[in-house]
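Structures for review follow.
Across the two complexes that follow, chain A remains constant while its partner is chain B and subsequently chain C.
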Partner chain A sequence: MKIIVCVKQVPDAKDVRLDPKTNTLAREGVQSIMNPYDQYALEEAVLLKEQLGGEVTVLSMGPPQAVDVLRQAISLGADHGVLVSDRAFAGADTWATSYTLAKAIHKIGDFDLILCGKQAIDGDTAQVGPGLAIQLDIPFVTCIQKVREASESELVLERMMDDGYDVVAVSLPVLLTVVKDLNIPRIPSLKGKMKAKKAEFKILSAEDIGADSACIGLAGSPTQVVSVFPPPPRGERAVLTGTVEEQIEQLVEKIAVYL
Partner chain B sequence: MLIVDSELCIGCGVCEESCAFGAIEVIDGCAVVGDACTLCGACVENCEVEALQIEGAEKSVQADLDSWRGVWVYCEFRAGTLAPVSLELLGAGRKLADARGVHLSAVLIGAGTGDTAQRLIGHGADIVYQVDDPALAYFTDEAYGAVLIDLIKKHKPEIVLAGATAIGRSFIPGVANSLGAGLTADCTHLDIRLDDGALLQTRPAFGGNIMATIVCLSSRPQMSTVRPKVMQAMEFDAARQGKIVNVTPDPVLLQTKVRVLESVVFEQDDVNIQESDILVAGGRGMDNAKGFELIRELADSIDAAVAASRAVVDAGWIGYPHQVGQTGKTVAPKLYIACGISGAIQHVAGMQSSETIVAINRDENAPIFDVADFGIVGDMYKIIPMLISKIEGHRKS
Partner chain C sequence: MDYFLSEEQSMIVEIAKQITDERIIPQRAELDRKDEFPRDILNSMAQADLFGVPIPEEYGGFGGGCLDIVLALEQLGRGCIGVGTAFAASALGVYPIIISGSEELKEKYLPPVAAGKKFAAFGLTEANAGSDASGIQTTAVLDGEEWVLNGTKQWITNGGEAQIYTVVAITDRKKGPRGASMFVVEEGDAGFSCGPKEKKMGIRASSTTELIFKDCRIPKDRIIGRAGTGFVTVMKTLDSSRPGIAALGLGIGQACLDESTTYAKQRVQFGKPIISFQAVQHILADMAIQLEASRALVYSAAKHIDAHPKDMSKVSSMCKVMATDMAMKVSIDAVQVMGGYGYMREYPVEKMMRDAKILQIYEGTNQVQRNVIGQELNKEYSRR
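On to the complex of A and B.
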């Protein structure tokens, strides 16, 4: 089975703090990590490869240093990594991102299965997976919590819903987005780490993937961010005083409107 | 891309201060742009010497923008039930439609919808496109998407809203992508710019650490998914008049490659924590599954749903659908009571937009107190039973 996993490099949430003085995201000491949901997508790809044979390619769009997440993916069992990187992609919204990833996938070649995370923890939209499936003209199923059965031709899956879950069957090729419940990602093995160290990655530009300049970056993005501002500040924490019992009494009064 | 004219740049640093993403920095007296740049243009606007410029291919503008008219709301109907967010969106949509002087239409897709269309009219819709077909009994991205795309192409609405629910966040991105339309995710505020009819869509990103306002100027429809619980539904008015349009979908649209074998709806009704007004959330401080029962008791006593930190979900005390945070759900109830939760950033990302936050923790330095409106420092095993009895006392009085 030929599997492509889309992985995004994102700033680690524990470093993402809004500087209250400047109202900007802190830039110092911000570590980049593989988007948490993508780790479950990668693990599932490797599990399927172990079960059914085949190969796993990881694909990322981002700045040159995004090869770090590709390298990490190799240590976790991926076979190949491809980075699409070009200043021309800057400012891409989810439409332009989906278009660019689709073009890169056409360049990579055949596939049976595409896996994405449910959403990236920075942009937070959960729109790239479905968009990419449309661009590739294949069906998609989002929020997969379990792979019940897998064969070369068909998958039986559980998709998480707000009030329960649906069990669906779909033949390949298909694109899936995954949630955390799916599996427990492995720790890199020593062999994996060695492989990752030596791994080389294909880096593709806009021209390499044959992208139309009107469909990438800012020009290819139907949405446009016009302003960015901090969330409304939370009020000061009200101080409850006295014994614990007295505090609880005050609390009940304060929250009485909701009860 | 963002170009710095080094001749004009005076290295004043205004751009650095105006960039929310920390993507521009003055080095040796001249601004340098980094990879975190999102081309939002804040620096360009703020630069007093016009040293910054965004360059790139021109965005092409769809030719027939003005022929798209009307505000639409996709009204989610699953397993015989209308999602509450649908009525909230009709409330929001009504205001937008009135501001634009256009009709508000609802799109109802499903099977056995009964008198739902009439309800939608009572809550503000002028027109309901009712697509009721046994083949639509189960949600699939393909059929629901194809039906909605077909209707949008025929009637050309300028705005399409949908709930940011599991269903909305799944198939609406596919619809928008097919149409080449811009889609803003998880909006918490919507407004109309009167001079050009642009929909100003405001949403949180970066785990709620930043808000962004987004527009789609060059294409139609302008699409958004909107979080449950942030918009206000209108009171039902049985006297409201509206038109129900029955739509018979072309069978081709109903063909799907994905087959739904079974649809499991959990019996307890508190699984959908995003729709709950009050959440009682438990963390690792509850020690064990039995301790966690106390959380349920508190929740029951105030008709709240139960939420949890990831630590608790990973320990298996409660299912993943109850997890709040970066790798779980984002919630914004009126009241969030966090018990024995330390307040790790990944947890806070999922609940910091709650209206009122109460924290109970024995560690007075726990970061959860930083986001709390009310905090009590102490042992939960003592506090929660007291809280339950005080609440009961309060209710009786």
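On to the complex of A and C.
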């Protein structure tokens, strides 16, 4: 089975903060990691490869330093890594990103399955997976929590819902987005780390993938970010003490101010 | 301190550290409370190739040296030496095969242990034979094409959990120490069984049982090396494995320093964090000094062993004594710094203190190690 896993390099949520002047993410000095949801997608891809044979290619779009997540993916069992990187991609929204990834996948060649994390923890849109499936004109199923059965031609899946889950059978090719209940990602192996150290990655530019310049980067993005701001701080809180009667009295006093 | 590790050594540290932080530390209190064998954790170590580190490359391992295994065990020991002991005992179980086994035994038993698909155990100790290995009662008698084993081994780590056991038995009582031999016994061999799990003070995640042989018949070619070479193999095995026990001591020492220093910075008494009191600072300073000195000796000893594999007894014993005595002392100090909290089970240092004690006892008590060092000194100075 040929599997492509889309991964994104994101700032580690443990030390994210906003620049108080510009209201944008302060990326300086913040460590980058593989988007956590993508780690579950990668683990499932490697499990499927171990079960059915085949190969796993990881694909990322980002600046040159995003090869770090490709290297990490190799240490965790992926076979190949491809980075799409070009200044022309800067400012891409989810639609332009989906277009760019679809073009890159055409360039990579045939596939049976594409796995994506449900969403990236920086943008939180959950749109790129489904957008990519539309661009590739293949079916997609989102929020997969379990792969029940897998064969070369069909998957039986559990899709997480608000009130339980659906069981979905799909034929391949298909694109899935996954949630964290899917598996427990492995710890990199020594063999994997050694392989990752030596791995070389294909870096594709806009020209390499034959992208239409009107469809990529800021120019190809219908979304316009008007402003970014941190949520307002929470209002003042007070804890009332004493007997229930005393507390009610205090509460009434506090409310009365506003009447 | 920077010990200038190689890139591969740094990789081993990173992997073992990740397993410790993500798998062992969140589970260690429960494993301890339930006396539970850490099968899932060991499986994740297998997947990460750690079991292959001490096994030669031609048998599916990484051909790592003493320092490589020390680095892995130090990290694991920082999390839980019960888990570390289960891991280390599997390596200990196959050292006799690596050291003295036939090509056939190596090909059959080493690859599955390197892959972590099978666990191994080492059976030497008996009710009347621990430090004095010459008291061994278990016997092996050749009967046609089979060896017949009878006797009982005691306190065997990984008992009941391992699939491969290397055991010492007397094949010729008249010859004394030269009458002992080593054999491979497999789980499921007729006449071989394991006793119930022992209840221990610490390292409760590791399994400890008797091995019981009642007319246990095994094929003739399961003998490790020639008949009568058992004690030599045992001594070489323990010389090779002791730095690993020292490494578990480094792990506990580091964990105790981390826990108690973090606590001392947070705990406020008389209006100040207790780390601002010299009485506390001096305890922490002494812990740090002893830990770093032990680490320097263990790493140096491991490097010496890697460079001079025939001259390992003395340094192996020296680093085991120093690092494990340090682990005991430092864990007691950590409980002291943390006071009443340190004594409570909600905090990890009481477990570390219970666990640390075994390091001074198993794989040769620290008194026996001092005997070895003393005898080696005697030999060295006779040559001058």
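Keep in mind that, in the parts below, the second predicted complex is superposed on the first by the 225 of 259 C-alpha atoms of A that agree within 3 Å, B and C clash if a C-alpha of one lies under 4 Å from a C-alpha of the other, contacts with A are read in each partner's own complex, and residues count from 1 in each chain.
As a convention for this text, a contact is a pair of C-beta atoms (placed from the backbone, for glycine too) under 8 Å apart; a residue touches a chain by one contact, two chains touch by 3 or more.
If you're wondering where the values come from, they're calculated on a predicted model, not measured in any experiment.
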Report for A:189: first if it touches chain B alone, second if chain C alone, otherwise both or neither. second
In the superposed arrangement, does A:111 touch chain B (first), chain C (second), both or neither? neither
Who contacts more of chain A, chain B or chain C? B
Identify the partner contact of A:95: answer first if only chain B is touched, second if only chain C is, both if each is, neither if none is. first
When the two structures are overlaid on chain A, which partner does A:197 contact: first (chain B), second (chain C), both, or neither? second
Share the list of chain A residues that count as touching for chain B in one structure and for chain C in the other. none
Write out the stretch or stretches of chain B touching chain A in their complex. 1-2, 17, 19-23, 25, 35-42, 54, 56-60, 78-79, 83, 138-142, 165-167, 169-171, 173-174, 176-178, 180-186, 200, 204-219, 256-266, 271-272, 274-275, 277-278, 302, 320-321, 323, 326-328, 334-335, 344-346, 349, 352-353, 356-358, 369, 371-376, 378, 382-383, 386-387, 390-391, 394-395
Note: in the complex, chain A contacts chain B through residues 11, 13-14, 16-18, 22-27, 30, 36-37, 62-63, 65, 87-88, 90-91, 93-95, 98, 121-127, 129-131, 133-135, 139-143, 145, 156, 160-171, 174, 179-181, 213-214, 217-231, 234-235, 237-238, 240, 244-245, 247-249, 251-256, 258-259
Chain C residues touching chain A in their complex are 7-8, 11-12, 14-15, 18-19, 22-23, 44, 47-50, 52-53, 62
Tell me, which parts of chain A touch chain C in their complex? 186-194, 197
